[in-house]
Amino acid sequence: MCLGIPGQIVAITDEARLMAMAQVSGVRREVNVACVAEGPLEGLIGQWALIHVGFAMSLIDEDEAAKTLETLRDLGEAQETLEQMAAGDAALAGE
Amino acid sequence: MKFASEFRDPKAAKGLLAEIARVAGQIGATREKPVHIMEICGGHTHSIFRYGLDKLIHEGVEFIHGPGCPVCVLPRARVDECIQIAEKPGVIFTTFGDAMRVPGTKKSLLQAKADGADIRMVYSPLDALELARRNPTREVVFFGLGFETTTPSTALAIQQAAREGLTNFSVFCNHITVPEPIKALLDDPHMCLDGFIGPGHVSMVIGIHPYDFIARDYGKPLVVAGFEPTDLLQSVLMVLTQVAEGRAEIENQYARVVPEHGNKVSLAAIADVYERRPSFEWRGLGEIDASGLRIRPHYAAFDAEEKFGVGYAGMRTEVEEVEGCACGAVMTGRMKPVQCPQFGKGCTPEMPLGALMVSSEGACAAYWQYGGARAAAE
Amino acid sequence: MALRDERVTLAHGGGGKAMRDLIEEVFTSVFNPPGMEDQARLSAAALAEPGARLAFTTDSFVVTPLEFPGGDIGKIAVCGTVNDLAVGGARPLWLSAAFIIEEGTEIALLRRIVATMAREAEAAGVRIVTGDTKVVGRGGCDGVFVTTSGVGVIAPGRDMGAARVRPGDVAIVNGVLGDHGATILVARGDLALSSEIESDCASLGHLMGAVIEAAPDARAARDLTRGGLASALNEIAQEAGCGVAIAEDALPLRPEVVGTCEILGLDPLYLANEGRIVIFVPEAQAEAALAAMKAHPEGAGAAIIGKAVAEHPGQVRMKTAFGGSRIVDMLVGEQLPRIC
Amino acid sequence: MALRDERVTLAHGGGGKAMRDLIEEVFTSVFNPPGMEDQARLSAAALAEPGARLAFTTDSFVVTPLEFPGGDIGKIAVCGTVNDLAVGGARPLWLSAAFIIEEGTEIALLRRIVATMAREAEAAGVRIVTGDTKVVGRGGCDGVFVTTSGVGVIAPGRDMGAARVRPGDVAIVNGVLGDHGATILVARGDLALSSEIESDCASLGHLMGAVIEAAPDARAARDLTRGGLASALNEIAQEAGCGVAIAEDALPLRPEVVGTCEILGLDPLYLANEGRIVIFVPEAQAEAALAAMKAHPEGAGAAIIGKAVAEHPGQVRMKTAFGGSRIVDMLVGEQLPRIC
Amino acid sequence: MKFASEFRDPKAAKGLLAEIARVAGQIGATREKPVHIMEICGGHTHSIFRYGLDKLIHEGVEFIHGPGCPVCVLPRARVDECIQIAEKPGVIFTTFGDAMRVPGTKKSLLQAKADGADIRMVYSPLDALELARRNPTREVVFFGLGFETTTPSTALAIQQAAREGLTNFSVFCNHITVPEPIKALLDDPHMCLDGFIGPGHVSMVIGIHPYDFIARDYGKPLVVAGFEPTDLLQSVLMVLTQVAEGRAEIENQYARVVPEHGNKVSLAAIADVYERRPSFEWRGLGEIDASGLRIRPHYAAFDAEEKFGVGYAGMRTEVEEVEGCACGAVMTGRMKPVQCPQFGKGCTPEMPLGALMVSSEGACAAYWQYGGARAAAE
Amino acid sequence: MCLGIPGQIVAITDEARLMAMAQVSGVRREVNVACVAEGPLEGLIGQWALIHVGFAMSLIDEDEAAKTLETLRDLGEAQETLEQMAAGDAALAGE
């Protein structure tokens, strides 16, 4: 449930109503930023947020994202090494 | 797509799958005696089938598809009430597209629209608000549907309407909450779950602690997960690891989006606008205590139930569940969709009988559409 | 210049002078149909070759908005029918064009639509030879509906059809998918989206001619209109009685189209196209067909997306970019924007 | 029976299974088009005779109500296009049928319309060989619009056209005038009239064939649809560059039609017909043509109504029953009910 | 058609035409010095052209086409006011078909409809009343147009609406009266009329005596006439006979329909609902004293002028007559339509410049459509 | 102006609202009979009235109609006789 996608805030469109323009792969839509607005709205520009039904619900924590990706990369590389080793073993065994 | 494509990397997936296989082997999970992991959220169900994870994953891991699709669990009586409102003269009834095809006892919103009701699909409650501004002589009702993820958006829309003094906007509130049905499932004597994948976007709003009782009181692990395929695999791995290590904790795989304590503004808006109903009916699961929200009395002017005297504010009609529907058994993990005697016969996406065939997030619909189970059934 | 109104009124549909003026000034003066009768009379010489067959097709066009980035209803009305002829292996010759016009429609808009049609017909090498106009009251239709019918000639011996597809045949599309559908979703305005995508709307008669020349044993082609690639492949799989296997990696998709789909919870495989086709050719002719497409302006983005297989007859399966596999079924109804 | 809905929803236009079910169960199972492709492929043998020409015409039909005494929109959609082919001297062969359907339309109504079309096509000796369906939202159209296009063959040497009419040629109509227009005015209900009149709606291909056989030098014919007899005669007068003189006495009119016109201040000469034509034949062949018409069920009420004259070129004049004479001009727009 | 076809008998016409010729000859009427007889009523103008009477009749009799077409004399400002009302949100504006094409300063009702106003043609004010009953949330306005013949129908409709307590029905009253413009014409120093054909259906309501002043004060004969061709010819004969005999009386050719004193119920309804305006504007003739009716204050709730504050109840906009329009001269018999420099050039039924080209009752339109004058002009 | 045509009252449809069915050449329409109703409405059935915009405005006086027709007939016959005589004279004169 709860389709949400990352979009980048590219402009503030209505300070009073807390509206900003978000962009996803070149597609723009005005979204409400009430849930992610702390301090001046300008500060949101350039930030990435999780967009759900026209609301920016949560700012994306780029550090956390990087950490997760690193874990994934490690796992992927470990597995690749394992597979290469297995392939090497197999080759040696003449399979 | 930034923050999305990176989490669809096949190489990372291979690593995760191998690791999952290793841990699953370690705890002795087999096809015959699998670990049962419930992905609560329909979005996760959708990802599993869209990326074919069910076929990639170690055979000792079995996904149990949970009740986390707000469209699927919407009871037929509630759809009837939507239509009752939508068919009132002067009403513009607005809804997310998902809800259009859900059958009521007589018809769906799609059919009601065909019969003449002014029903419009919107992308956001904000669009409904805008319609209300532009149509001052019409009554614009928004079909508020969804879990905690979506609840803040309708709460904020109601607050905004109140600020603007709009008198022709109201919400038909069907917001429901995730923890309560999970508790209900855990209390089910037939329950055979070993762990949970938690809905990431719900926790983005409520944080991860509302699930503490699952670990604490029931000794089951839960990992809050993102929706990309490696998110899901990583979360499965985290659940398995807890099982292997004999732990039962609430963990957060989706920390890039989910703050531990959720979103303050969202929670405040929910608290301002909504209160818990004593109980709410779930399709396939029946009435569940405190599982639904209603609009607080001081926002009664924006409550379509009050405004039109329907639903819990009016005469509620008891609607019998359809006969032969095994949705409850599927949602509690006792049965696979293909085991339901109706699957692909009395129940297809064209003409759904039970809740889980209704939306593409429903387990049965996903099995049907993506799963290849269809060929056998047809 | 007897037509002085700015907008169409019911008088323009009444069979009198106002109608005659509308038809003459807006339609026939641009389309230049042969002769003054309410039927075109056409030399049948092109059809006289023994074994040649006549191809005949029709489509009504009802797009909202009437004008959108990359085209208008007139352009798709010409392209759509030209393409329906072309994908069957026919050489498009003549079109008819029937207009249903809502009272209040701007005459300047009609003129623009008609101009697009004339231009597109010329580019496609067909003539608009006969037509009709009806005016309906406000609320009687949504602006303008255009119905085109097309007549073409199928060369002797040419026989393309879904039923002729065999396992091993290669499936090729002529460019990125879903641009038209995504453009219309955005252009409609009710979802408050904006993007730079433009409709892929194009006439593919010349391209089909080139492909058939390069791959003379081409089995079948389909234009990927309503229901998109997924529906076309399902139809072919069912009629051919074989399976179709495609690879997600191989599908040409524009990031904006993917973005639109992610926002709305849609699947680009089901988005409509108005200038895209899939063609199945024997494996031996696949590279030639692909090269012929790529040499053509409307085929620059062409790609091999998969093939017909003996397995899972009647079904379309896709290898996901992630390594899994899933069925690509026909939809029940329209794709609706989702929140979950 | 996959189609279980009672009414059309937007899902039936979405390119998915619901659409396929609608098309198969409601349309193709009745029309039985040749082949499964989205184009009909037809033997061109009928067109192969040297000098034969292909006739091609189209019309959109938008009548309210969809069903009326004596017919429905399907019937006029077949008759109208058959007649447009026939009046040009063509033998009608094939029709296309494109449907634009409003969300909420009863499927039973669609089935009735389709049944009428199939029946009428069979009677007229034509085949409905290809088609299309679109579904538009509520308010997007008025129930059902049908656009038919027609292809026919004109025998070598046959050349009918308004420009061929010469002074002295005799004008014949095939029956009472204005029944269809008066029926629709009454059936629409908003004028709160009632009567027993029925639409004259009929396919006249066979009748035209018989008349041409009897009067091989027949110059031109027109079906008397929108704008009625008056508009058709004006068109002919203008294209032929001669005058047309008719006699009020000679016009076959039903008393109920006259009554409807008197109540509303309308002129029956401008009422629409859907089964009436006027044909101009050389005076020497007039009696033969009239006899051929009268021998035909759709021509039982045929009458000579006047002739082409050298005077008042481009104008139609009528000798009134009262002994006077007046111009019968084209209308500006539609006839509107009058109080004064 | 009973009571209609019998009066279209060509044999009787021959007798009448011969007798007319005889009397015309007797009084020395010639093409150069004809008797000028004004048929006041557009319905008579229509009959004259429809049956070709102008060409059949003795050349010493010349018809002068009077101002008796309520559509033709409707000033452009009044059409603008209709559109002003029709374009108000929620209004259903109902009208006789005749009025649809009359140009205002910017557009006609037909064009306003195309621009989006909800304008509907009805056959009867009763149909407008029924629309008001069926659309309680809409405001249904009926365009009350016409001479004394039509006035009772709107008066009775307003009385009925009052009885039913309808609050969403009103009439935009443009009813005008025949005797006053005739008096204006007779007072015109350019006037050259020898007698009048009186509108039969007006007298069916008001009787024949309201015309007494014409005979008494101006010494001109008037014959109230039916609309069938022999009615008209017989009436011409009666006028000529009076001229020949030096009489000036008000006679009734149409006694089968016209009671000497009119219709009591109609007159009572008119008197109950309407009162005279001090003056009313006529297209081509300007303001004429006491020539129009308005709704009495006790029916103000049904008066669209009051309800919407337009027209004489609001800011009246003065609208200049179109330049080059000779309608006034044609209506006063000083000019034939074909003599107007605009006829068939700036002024055609497709794009009427002046009043008399607007409806098929207008003299210029009738000349154009039926008269054969067009060929010359084109 | 003021299109009016003779129609026959064939039924009373709503006593209270003074509505009746009128028929013209086989075409029927409900009309208001307030202007012609004196005494019980039943008495109107079979009578002819002049119909204008949905109202029966005046009952047709059949005697007066007959009188007018008689005058017309006399004139027509007189003229016919004259023409025949003229034709006879012409024939005699050998024209």
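Letters A, B, C, D, E and F mark the chains in the order given here, with residues in each chain numbered from 1 onward.
Criterion: a residue touches a chain if its C-beta (ideal position, glycine included) is under 8 Å from a C-beta of that chain, and two chains touch if they have at least 3 such contacts.
Just so we're on the same page, UniProt names per chain: A, F = HypC/HybG/HupF family hydrogenase formation chaperone; B, E = Hydrogenase maturation factor; C, D = Hydrogenase expression/formation protein HypE.
Treat the numbers as computed from the prediction; the structure is a model and nothing was measured.
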item	value
Shortest contact path, chain C to chain D, counted in steps	1
Co-neighbours of chain E (Hydrogenase maturation factor) and chain C - touch as defined	B, D
Result of counting contacting C-beta pairs for A-C and D-E, higher pair	D-E
Chain whose Cα centroid lies at the greatest distance from that of chain A	F
Length of the line joining the C-alpha centres of chain D and chain F, rounded to whole Å	37
Whole-Å separation of chain centres (CA-atom averages), chain B (Hydrogenase maturation factor) against chain F	77
Rounded Å distance between chain B (Hydrogenase maturation factor) and chain D, as computed from the means of their C-alpha atoms	56
Chain A and chain B (Hydrogenase maturation factor): spacing of chain centres that average the CA atoms, whole Å	22
Junction residues of chain B (Hydrogenase maturation factor) - those touching two or more other chains	1, 4, 13-14, 42-43, 69-70, 96, 101, 110, 123-124, 127, 146, 150, 350, 361
Shared interface positions of chain D, touching two or more other chains	9-11, 17-18, 191-192, 255, 258-259, 262-263, 265, 332-333, 338-340
Contacts with two or more other chains, residues of chain A listed in rising order	1-3, 5, 24-25, 29, 52-54
Set of all touching chain pairs, with the criterion as stated earlier	A-B, A-C, B-C, B-D, B-E, C-D, C-E, D-E, D-F, E-F
For the chain C and chain E (Hydrogenase maturation factor) complex, residues of the former touching the latter	2, 4-5, 7-11, 17-18, 21, 103-104, 137-138
Residue ranges of chain C touching chain A (in the complex, touch as defined)	186, 191-197, 255-256, 258-260, 262-263, 265, 338-340
Residues on chain E (Hydrogenase maturation factor) engaged by chain C in the complex (per definition of touch)	101, 110-111, 113-116, 118, 350-351
Partner chain A, residues of chain B (Hydrogenase maturation factor) touching it in the complex	1-4, 6-7, 9, 11-16, 18-19, 41-43, 68-70, 96, 123-127, 146-147, 149-150, 152-153, 156, 160, 199, 201-202, 204-205, 227, 230-231, 234, 253, 255-259, 263, 265-266, 269, 361
Residue numbers on chain E (Hydrogenase maturation factor) that touch chain D, as the complex places them	1, 4, 8, 10, 13-14, 42-43, 49-53, 55-56, 69-71, 96-98, 100-101, 110, 120-124, 127, 145-146, 150, 229, 349-350, 359-361, 368-372, 374-375
